[in-house]
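What follows is one structure encoded as structure tokens, with my remarks underneath.
By letter and in written order, the chains are A, B and C; residue numbering begins at 1 in each of them.
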Amino acid sequence: MNFDLNKTQALFRQMIREFAEKEVKPLAAEIDEQERFPMETVKKMAELGIFGIPLPVEYGGAGGDNVMYSIAVEELSRVCATTGVVVSAHTSLCLAPIFEHGTEEQKKKYLPKLASGEWLGAFGLTEPNAGTDASAQQTTAVLEGDEWVLNGNKIFITNAGYAHVYVVFAMTDKSKGTKGISAFIVEADTPGFSVGKKELKLGIRGSATAELIFDNCRIPKDNLLGKLGGGFGIAMKTLDGGRVGIASQALGIAQGAMDETVRYTKERKQFGRSLSAFQNTQFQMADLETKVQASRLLVRSAAFKKDAGQPYSADAAMAKLFAAETAMEVTTKAVQFHGGYGYTREYPVERMMRDAKITEIYEGTSEVQRMVIAGKLFK
Amino acid sequence: MLVKKDYTGVYVFAEQREGVIQSVALELIGKARELADVLEEKVVAIFPGKGITDQCQTLIAHGADDVICIDHPELEFYLTEQYAQVVDQVVKAFRPSILLFGATTIGRDLAPRLSARLETGLTADCTKLEISETRELMMTRPAFGGNLMATIMCTEHRPQMSTVRPGVMQKLPADPNRQGTIIPFEPKFDKARFKVEMLENVKEDKGMVDIAEAKILVSGGRGVGNQEGFDRLRDLAEVLGAEVSSSRAMVDAGIIGHDRQVGQTGKTVRPDLYLALGISGAIQHLAGMEESDFIVAVNKDKFAPIFQVADLGIVGDVNKIVPLLTERLKGMIK
Amino acid sequence: MKIVVCIKQVPDTTEIKINPVTGTLIRDGVPSIMNPDDKGGLEMALRLKDAYGAEVTVITMGPPQADLVLREALAMGADKAILLTDRKFAGADTLATSNALAGAIRTLKWDLIVAGRQAIDGDTAQVGPQIAEHLDIPQISYVADLQWDGQRFLVKKETEEGYQRLAVAGPCLMTVLASGCKARYMSVRGIVDAYNKPVEIWGADHIEVDEEKLGLKGSPTRVAKAFTKGLKQAGEVFEVDAEEAVGIIISKLKEKFII
């Protein structure tokens, strides 16, 4: 039993933390304020290999592991949750399913460019009428000769418009229910594919979230990902990995808010004493710190199990549930500790509180996580 | 075996650039005078350059007893090997007990090269030089980013070498009637070792002033925030006839050039008035300014370490106080 | 081209604080980092490697934990790493340190040696020029830019008044300013590989130097005493509104005849 990072993971954390502090943090407030996608940061991350961390070297990846990937999302989100989710959506929701389910040809075609960051990736599952109930897919794919023809809409798609490769789910046989759902790889320049309106959001405002529109969108037959009718399984498996990413994001947000609050309560004096000298502060912060550390152990454990090839679906759900709710609690209290200043954009905890909320919603709401955990418990 | 009595005299490398004697050379002569008086030995300036013979008297006027003048065309510009050969030959011929250099880009290039050639010790960036009861040189310098002071000695090797930062020692007032001896020295160059070629020597007006020379410094730190905040400091400096300087945070942020950084990795200053605005007072900053005559600090955090060295401290927002202070001073000066 | 880069692991001195009660250094929890000027030097070497092809070897002298900065250098793109570690090196001043490093470098093949201008824990700027003297090669210090024209290194050297352009053929040594070029980050791939590459560990018997010149024995300087400066008596501190604060400042400056 060893709870320490190994040497490679520790060296990686040193790099990503410095990168986050120097390159990402200075832009965090600005991209939030302007609702601007941080393209310059994406380019810098691409150069360092951050878009292919857990992918084997033979496909152009860095040959790292999911613990490192999780650390990357955590450390980026600690200073900027937007930047964290760009990496998470790309890696967990596009790179991973192509690597895990793709044919050798698909892997050779897509993975090197995704890993290098030349192409950004995204994932299209959610529809206006298929949210938590993902089985209610209305997008259809019909085989016509050598092409699949896709019709329908996907909403709330992270990285939409900036991604080149989309892993998209569509009904290939409505009569079979979830067994009639298949997964496809769609490239952004395909005729019939377009990106719709961009959502205006409460938090992670720099991340691009938009609708995908398929209007007789024709893709090659070979772009079917995995088996025909195997899409629902791919989606669920992919979301398990995505939950590790979002749990890491939530953990990062919580840690960032803790850092800010520790600093502020030490500096801020009221009634002649630092806020940190009041027992109320100390006890509340001790509770929060305990929850953050517990989140970290859950997140690391889920990532570790994924690397070890062990089942980790419930672990990912627990990590995501607990880290997300911790992030919400920590950031809300962080704003409270900051008082009036915390409510203003002068201090980053205001943004962190807005950013935290989404972690309880996407990649499966907290309620879905509880369903997954209970499902394992009572199976 | 080292016979210490064979080595006498406090020698100073008298740095000149394009024939202009550098202030640090005179400061070192001032300090050397004090050390030599304790030892009852001579102060000797080693003065290499081209066309510089007529300036030897300046060195004497500021306290040198002898000037070893090496006036040679090869020495027009400073190049490491040319100068190292000259000083090495002088040291071997004259055997000084102590040899001091200014901690300039020249002194800090030449002194370590020579210390290896002479196989003796060198202590960098000293802030204090004293003679011990055993007649050894005690060289005190900051280490660990100014957190620690160390007194270093070199008892078994000669000469005892040290570099001293400009602005740390005080020059003596010039006495034009002071008498001294000028000793011309003919170097024997080994030109085969001259491997570095100077292509260009460019003076750049980086808007550079030497903040070490300023009487008043308006100095900004992280609390000033951004470029806009720093512009307000410039306004205040203009009214006060001051120069602006900064802590490392502002230099790292690209708001101001490194030449205006005060502190361990920047410059040592001791103006009459140092206004520390939004500077928390990290120890490496204090190392560069705490000798200032009068320090006024403005900072939001009442427990900022800057207040421990400030003569007057104001807990408050620099970005509110600075414009107000500028206005009031403008009114007074009109 | 073969380049040797000398690096040092140093405490991040900006993180060191003084205990306000005892006046002693608080060293606990201060992170160890690659000395910033050395990192700038490594970056310059890696840029030469990127542009012209070169083999970059990093070398450090220090305790076994200094392995970490070598791994960092490997992850940034260095090809080989050497750790000089031996009790016989302990207690070295700059001259003894430069003798050890020069002794190690003598056993290597190289065209260029790069070192940082100075280390942030000692700020001496001595080891680079001393190595150059031991190896009997020219040095250029305060290097802000370094190019190669196929025959000579073309160097921009910072001075107090501006800069100089200098040219020198190899073999030679440069000491580099961190501000000269922004060092790259370790790449993820580089990090994954860093622990797969060997770090050679050399003791005193592996290098070409007289043992008398190493460690405490080979150090002409000795630290006679070390002390913290102690804190100056604090002046008056006022917590008042801006208007009143300005009044206090102005009256104080008048009192001191500054205005």
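Things to note:
Assume a contact is a pair of C-beta atoms (placed from the backbone, for glycine too) under 8 Å apart; a residue touches a chain by one contact, two chains touch by 3 or more.
Computed from a predicted model, the values in this text were never measured in an experiment.
Touch-path distance (fewest steps) from chain B to chain C is 1.
Among the chains in view, C has its Cα centre nearest the centre of the complete protein Cα set. Averaged C-alpha coordinates put the centre of chain B at 21 Å from the centre of chain C. Inter-chain centre distance (chain A to chain B, centres taken as mean C-alpha positions): 54 Å. Chain A and chain C have centres, each the mean of its CA atoms, that are 39 Å apart. Touching two or more other chains at once are residues 302 of chain B. Multi-chain contact residues of chain A, defined as those touching 2 or more other chains: none present.
On the side of chain B, the complex with chain C involves touching residues 17, 80-81, 104-105, 108-109, 111-113, 115-117, 119-125, 138, 142-157, 193, 195-204, 206, 208, 216, 240, 248, 258, 264-265, 272-273, 282-284, 290, 294-296, 298, 302, 305, 307-317, 320-321, 324-325, 328-329, 332.
The touching residues of chain A, counted against chain C in their complex, run 7-8, 11-12, 14-15, 18-19, 47-50, 52-53, 57, 62-64, 68. In the complex of the two chains, the chain C residues touching chain B come out as 11, 13-14, 16-18, 20, 25, 93-95, 98, 120-130, 132-134, 137-142, 154, 157-169, 172, 179, 219-229, 231-232, 234-243, 245-246, 248-250, 252-253, 256, 258-259. By the touch criterion stated above, chain C contacts chain A in their complex at residues 68, 71-72, 75, 185-189, 191-195.
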